[in-house]
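What follows are several structures.
Two complexes, one shared chain (chain A), two partners (chain B, chain C).
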Partner chain A sequence: MSASLLLPAATVGNLLVWIVWIAAAFACLASGAAVVSFTNPFYSALALIGNLGSLAVLYLLLEAEFVAAAQVLVYAGAVMVMFLFVIAYLGGQADAPWAGGPRWQTVGAVTAAAALLVEVIVVIGIKAGGRLSDEAAIRESFGSPAEIGRLFLTDHLLAFEITSIVLLVAAVGGVILGSHARSETGPAAPDVQA
Partner chain B sequence: MTEPWWISLIKAAVVINLLLGVFAYTTLLERKVMGRMQLRYGPNRAGPFGVLQPIADLVKLIRKEAFTPTQALDVPYIVAPVLSAFTALAAFAVIPFGEGWHVWRWDVTGQIVDVPISLILIFALGSVGIYGFIVGGWASESKYSLLGSMRTCAQLVSYEVSLALSVLGVVLMGQSLSLTEIVEKQGDTIWFAVPQFIGLVTFFVAGVAETSRAPFDLPEAESELVAGYHTEYSGMRWGLFQMAEYVNMITLSGLCVTLFFAGWHGPWAPLGPLWFLLKVAVILFVFIWLRTTLPRLRYDQLMAFGWKVLLPVATLNALVTALLVVAID
Partner chain C sequence: MQGPDVTWYLALSAFLFATGTLGVLLRRSPLIVLLSLEIMLNGANLALIAFSRHHGEGDGQIFALGVMAVAAAEVVVGLGLIVAMARRRLTLDVDRLTSLRG
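And now, the complex of A and B:
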């Protein structure tokens, strides 16, 4: 690598990682807050796409390229398209999260979120406090599709198979629910659920 | 030495400009070929044989008023075409067009950036690009636009599954998700179009549907929806949507050449990128040919074909390929 003109290449690289990390982390938090504060559900769905996208950037920084691409392809791509489809079809406005509802709900939600945050910080501090300063040893194949596939079919076989059965049940359930709804309204009914 | 970042930047600039040039002249080729197939001349006024027509079109589009409907939601309305054009152009970054060269001190790779998961990256960018069409149609606040974007949404989601499954056979045979390695494997053995012929056919049909080209151009069926999701767009914003559609078509042709026709390898003479360009041109011609030949499908036919014919065929192809790959190994 040809070094940059002013700084050694490693420093420039580290600086870039920091800039990208800060940008992605803030985008993640901002879009998460946006999801619950937009009154228009379409904008909320768009903010959720942004949230999933910035999570993918964080995965990239963790050297998990495959997971990042799969995150964009499956969640930000396929799943959220369905959300947008339904929202655009039905339209309408949602209530603002602070409009209506008893005040104790807001207080309770904020308290619970704060408690969770404190717990996360404490657990990370106790469990990993001493080790965070060392860099983890990462093999060349880490995060590659081949490595992930090998882990799925060896160490995590049971979880992998159970997940696939759950997905299959969900798919069959979706088909049955869809066909049930159609037979009640007649065969020519518009397929809203697509 | 591996290439420094500024060589990648130069390559990116060259490839994007080439891509835009190819886009401009694909529109001319389309109008010329369609004209000849329909027993007329096609554009022939701007320059000799009409070769300046794309430039005239561009000047017209830039000077046209970029109209915004009063009810439209400004930010998504303006961002949508930009997003579509951006993802379309970005996807080409990982398609290898040459073997790589040794220039002075550096080994320059034959694509802008070589990532080990390039195939998935292309699909991921494609699935983000869909949002441009959906958001654009929704933000226009027009019934035709909304119906167009709903159709786009349902059609692209349905055919994306078949498209992804149809390349699984190639991935199994190439034993890699890197497009460079898949091309090199084909150079060493056989073009995957031969053993993966069913994969090629499903890929191409699903690809035509993914790029919303005739006979699958229901998202902008002009006889029913005026122009679908871009009904309310004009000027260069419309131009960006059009650019996204054509660049997607070019990228898909490039992907088809890479996965099934051995990319830059030719049957003889090591011409490198010229072979790649030639094969892409042939596939683009087939796209245009289809448009002049086949009438548009009905919407229920489109859905039934996608889910009940294409998807089972693609799944079966992937299964049989997997079995054979394991059996031969």
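And now, the complex of A and C:
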């Protein structure tokens, strides 16, 4: 590499990280805007997969390897496949992004989102700006599955167990919702025919 | 840390959160409202993981994984509701779904 002859290796690495960050951040924002603005829900779901993938790249830059892997496997894999199945089942119903509702509702939505953005940026800039410059040193095992598992089974054991209950309740709720919907539109019940 | 520091990640997560808010408030299709909610949750996740790296503690990543589990549960229930609405021949428009009936 000719660049490494001129510059120290750390500078080249820093530059590479910046380039990857800018590409991932741009992909993230563009696909987020695409999710909100696409008319067809199928394309919105595909754009969200891109959003989740570029977020996984950012997680890797933050040295959160396990979370990045979980993001790709659980989110971009399982959850989005479920989304795509439901959208395919319902049929792509077009929904124009700026058309629905009265005019003041659209203006209000844009104002609320912009206010939230400004609020967060101002809080970051004013309250925390000076204290966010120096990074803490991290251990070698930071973000590894072993470290995550150790935290889950020691410090955060209660949260871990409660999460399993939440998932169980959601699974039972999904089954109940599906079976009720089936009995509504299915063939008439046997006791009615008898 | 090489590359951008935590402030850049926080700004990006704020933009993502605002994008998701816009989608939740603006769109009429409940499917796209759910997709926009996912963007909001992921914006919060990015902030959690950025702070986790900033402080050198793994707890933020535990929080992010918890948010992922809750998001999966939310998607299961939300999609179940949407399918149930579609089977009852209701219009999939959050402005017209105004009555609750058992």
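A few points about this structure:
Heads up, the rule we're going with is that the second predicted complex is superposed on the first by the 168 of 194 C-alpha atoms of A that agree within 3 Å, B and C clash if a C-alpha of one lies under 4 Å from a C-alpha of the other, contacts with A are read in each partner's own complex, and residues count from 1 in each chain.
The working rule: a contact is a pair of C-beta atoms (placed from the backbone, for glycine too) under 8 Å apart; a residue touches a chain by one contact, two chains touch by 3 or more.
Only a predicted model underlies this, so the values are computations on that prediction, with no experimental measurement involved.
In the superposed pair of complexes, A:Tyr89 makes contact with chain B and with chain C alike.
In the superposed model, A:Gly77 lies in contact with chain B only, and not with chain C.
In the overlay built on the shared chain, the residue A:Ala30 is in contact with neither chain B nor chain C.
Judged by the touch definition given at the top, the superposed model places A:Val166 against chain C, while chain B stays out of reach.
Once the two complexes are overlaid on the shared chain, A:Pro145 sits against chain B while remaining clear of chain C. Of the two partner chains placed by superposition, only chain C is touched by A:Ala114; chain B is not. In the superposition on chain A, A:Val17 contacts chain C only, with no contact to chain B. By the touch criterion stated above, A:Phe66 is placed in contact with chain B and with chain C alike. Judged by the touch definition given at the top, the superposed model places A:Leu153 against neither chain B nor chain C. Which of chain B and chain C touches more residues of chain A is settled by the count: it is C. The residues of chain A shared by its contacts with chain B and with chain C are 66, 70, 78, 82, 89.
Touching chain A in their complex are the following residues of chain C: 1-12, 14-23, 25-29, 31-32, 34-36, 38-39, 42, 45-46, 49-50, 52-59, 61-62, 64-66, 68-77, 79-84, 86-88, 92-93, 95. Within the complex, the chain A residues that touch chain B are 1-2, 42, 46, 49, 53, 65-66, 69-70, 72-73, 76-78, 81-82, 84-85, 88-89, 144-145, 191, 194. Every residue of chain A that touches chain C in the complex is listed here, in rising order: 10, 13-14, 17-18, 20-21, 25, 28-29, 32-33, 35-36, 41, 44-45, 48, 51-52, 55, 58-59, 61-64, 66-67, 70-71, 74-75, 78-79, 82-83, 86-87, 89-90, 93, 95, 97-98, 100-101, 106, 108-110, 112-114, 116-117, 120-121, 124, 129, 132-133, 135-139, 142-143, 147-148, 151-152, 155-156, 159, 163, 166-167, 169-171, 173-174, 177-178, 180-182, 184-185.
The touching residues of chain B, counted against chain A in their complex, run 1-2, 4, 76, 115-117, 120-121, 123-124, 126-128, 130-131, 134-135, 138, 146, 149-150, 153-154, 156-157, 160, 177, 303.
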